[in-house]
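Structures for review follow.
Okay, so chain A shows up in both of these, paired with chain B first and chain C after.
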Partner chain A sequence: MKELIERLRNKFPVKDEVFQKDALSFITTEKSQAIELVTHLRDYEGYTHLVLLTAVDWIEDGIFQLTYLLNNPAEKKDLGVLVMLDREDPVMTSSHHLWAAMATYQRELFEMFGISFPGSPRLEEPFILEGWHGIPPYRRDFDTKKYSQETYFQRPGRETHDPAEHMKKKMYPEGS
Partner chain B sequence: MSLEDIKKRTVLDPDGKEIEIDPLKDYYCAATPDMKMEHHKSSAPIIEKFANWARSESLWILAFGTGCGAIEMRPLMTPKYDAYRFGIQWRATPRQSNVFIISGYMSVKTLKRAIRAYEQMPSPKYVLGLGSCTINGGMYWDSYNTINRLDHYMPVDVYVVGCMPRPESILSGFDTLKKLIKEGKGEGAAKYAENFEWYKKNQKQIIQDWDMPDYNW
Partner chain C sequence: MFKFEEDRSKYPEKNPDGTNIMDLESGKYTKIWQGPIHPGMTGNMSLELIIQGDEVMDCKTHVGYLHRGFEKLMERRKFIQCFPICVRIAVPEPDFNEYCFAATIEELAGIQVPDAAEWMRTLLLEMSRLQSYLAWIGGQSSSFGMGLISQWTTWARDLVLDRFEEISGGRVYHMHMLPGGVRSLLPYGFEARMKDTLEKISQVMADVEKVMFNNSVFKTRAVGLGYIDPLWVEEYGITGPNARGAGIAKDVRKDYPYLKYADLDFEAAVGTDSDVFTRADVRRRDILTTIDLIGQIVEKVPKSGEFMAEVPNVLHWKIPKGQTYIRSECTRGEYGYYTVTDGSGYPRRINVRGPSYTHAIALMERMAINLNIADTAGVMSSLHTYPPEVER
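So, the complex of A and B:
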């Protein structure tokens, strides 16, 4: 995969290569040329299959990381293309024209992370959540426990035990 | 359905005339459930007792798996557990069933469908809450998208605890349900009609984009 990345480096800004396994690598590229790079991988390098598009919220660094994970069925290799977005203005070029499934991934990311992909079909229609107000739930500053306690009716009397401590007390009540 | 579908609008009728339709009034009945109608009490106790026996021995389940617990219902249909020998069978539509098994966690999106299905079922109808999730949220108690207490949205007759309960537990739950019905305590539909406004208030508090009639039947 090193050769592939060297080839890519001639055409695109590629940095932070991670060779995780023989058949799995990650590269980071610039936001402006990411879709060109993905298109190039699909059309010239045999990475014809889109495994997934997902996002990571690096709240401490103020960025969203997009991962385009591509698969080369002929060589049985995976390549992840990472793109860093500004967390304050999370907008990415839509790539729904490359794979039919991409529009669905982008819809999901729009709903769960609030990352916008202008021009992607049916982007703003509700996908999993219906009538959601407030900040998207997969952002890390969203407090799911607090939201649940405020929104849904709690049944009193819920206790939580640490499994290790609980079993220790139960099995060795004398303490040994 | 979407919010657009229930908005008032003008349409052209087959003769080319413009008519105004209000889907909530024209397509659905605006009446709320009537408590007297839901009770089904007979004047003679012996007939009521007979009717309750008949009801308890003919439990038709709505085949609507709302969560992971739906998997545990499949073995009940097989020869090993064979729920059919207890008069329990699965039906494909709410109009033909009288037991609604809420099988596990319930997301807000599913809750909307479940309420519609529950209200479409003919009474007397019963709700069986399967798994810890229906009782207090179970392992999804702090999730942003799953409800915690089912009994705030629809009347629950029997809870079956566990995560997940095995098919034997479900059969035991049916046993309890049968006992309740025979004692004349399976009055979930009447309870729903009686506290209709409270249930609606709770449901609408959770479901933000309410795009259906208040009572779907």
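So, the complex of A and C:
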């Protein structure tokens, strides 16, 4: 993995490499060159299998971390390409032309995190949520408990009894 | 010179960007919804089909009928509290979720799992694979009008669930794997009962082979149907039996041996024709492999010894900052957990990579074009998709 990262470093801005285990590493790159890097990995380094694309919300730092997890089936290695996006302006270059499944991931990220990928097919069509208003629900500042309390009818909880008292009443209804 | 021009009148005209022009007002096309409640659907999802006559012209997959926000809910729970949620992400085979999630936590927290626990986990994963495949046979045969087979395999699957109940106390959700190991080793006399179960299932599989795979109705309809081009495997991220049916031997158990698979003797089934029949046959041979594997594992599971590593108090457990990805081979392909921790007592982000994410959406939308409407259910079943792992 070290040689690969050195090769990449000659062409792209690569930093913060983490060697998680033998066959899994993470690198961080710049937003402007990330898709070029991913394309390079796919076309020249054998990272042809897209494992997943997801986002992590680091709200305290004001960034969204995008993770492109790629797999090299020949060498049996994984590489995670991390891209940090500004939380105030979450826009990323679309890469739907690289893998057919990518458009679905991007649709989900747009809906769940509000990260936009201009040009991605059917991006603004509802994917999982229908008729959703308000902040995208997978962001850290979306409060699930508050949402459910405001949205759904609150049922009173189950009545509980003091077990000793309950059994006493049940066994000795006369109160003897 | 004569030039053959195919009559294109039944096909839609194209926009400059390559998309079809399908004007429903013209009366030429009909839009129908297959699902979310439909006997031919695998779970709660729907296909929005535009058809002309009985031929599908366009397909869009719709999910979201089952969304409960599992990934978000897990961010608000302690690591141990995530287990009742994560097993529900893939209902018919929860054990892969348990394993992947437990393994990511163990890796990030630096816990070494005892040998006996690894054997138990391998056994549970293979039993889970067996019962999930048995449920799948019912769906695949029913989608081609053979309802009887699903009754046989439901009975056979119940036998595996009985064995699960013996081990863990639960039939569908087991939660037998916890970070650090498993909750127990095998109960007394389990080996004999498992052997008896495997024999019964082998008999059912022999019957299924005769009645389903040698059935002229199934052969006529399934051979040549739902072709997956081997070139699509990388493009669409296809894994598991769908890729192996196309002749590409992708199996996480072989390629990235985890748990005790390196110590077991097996070959993953591979087909060549890449149609519905081949994929069904790959899965049938996979079942036989799994039956053999369970037999091997039961002989090797230690009867006694340590099965749980020492872990901190799980209610006050803080895991150092980090991220990792763990994959396993489930019945449908590569199943993985990408877990990010931030040093607190809660996971920062958990992302589940379910194989249906690409099989049910990008691939199904591609494969449905030009299918006969009666075959969409069969093709859908042959991709073996589960909606919950799409919407998580």
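Everything below uses one rule, namely that the second predicted complex is superposed on the first by the 157 of 176 C-alpha atoms of A that agree within 3 Å, B and C clash if a C-alpha of one lies under 4 Å from a C-alpha of the other, contacts with A are read in each partner's own complex, and residues count from 1 in each chain.
As a convention for this text, contacts are C-beta pairs under 8 Å (C-beta built on N, C-alpha and C of every residue); 3 or more make two chains touch, one makes a residue touch a chain.
What you are looking at is a predicted structure, and each value in this text was computed from that prediction instead of being measured.
Asker: Based on the superposed arrangement, let me know which partner A:Pro118 touches: chain B (first), chain C (second), both, or neither?
Answerer: Neither partner.
Asker: Using the superposition on chain A described above, determine whether A:His49 touches chain B (first), chain C (second), both, or neither.
Answerer: After superposition on chain A, A:His49 lies in contact with chain C alone.
Asker: According to the stated criteria, A:Glu130 is in contact with first (chain B), second (chain C), both, or neither; which is it?
Answerer: In the superposition, A:Glu130 contacts both chain B and chain C.
Asker: Taking the superposition on A as described, I'd like to know which of chain B and chain C A:Thr144 touches: first, second, both or neither.
Answerer: Both partners.
Asker: Specify the partner with more touching residues on chain A, choosing between chain B and chain C.
Answerer: C
Asker: Is A:Arg158 contacted by the first partner chain B, the second partner chain C, both or neither?
Answerer: The answer is first: A:Arg158 touches chain B but not chain C.
Asker: Chain A residues touched by both chain B and chain C?
Answerer: 126, 128-130, 137, 142, 144-145
Asker: What residues on chain A touch chain B, complex-wise?
Answerer: 126, 128-133, 137, 142, 144-145, 147-149, 151-155, 157-158
Asker: Chain A touches which residues of chain B in the complex?
Answerer: 108-109, 112, 135-137, 141-149, 152, 202, 205-209
Asker: What residues of chain A sit close enough to touch chain C in their complex?
Answerer: Contact set of chain A toward chain C: 18, 20-21, 23-24, 26, 48-52, 54-57, 67, 69, 73, 76, 78, 80, 99-101, 103-105, 126-130, 137-138, 140, 142, 144-145.
Asker: Quick one: which bits of chain C touch chain A in the complex? Just the residue numbers, please.
Answerer: So the residues of chain C touching chain A come out as 63-64, 67, 69, 71-73, 75-76, 107, 232, 234-237, 250, 255-256, 322-325, 327, 334, 336, 338, 340, 348-349, 351, 353, 357-358, 361-363, 366, 391.
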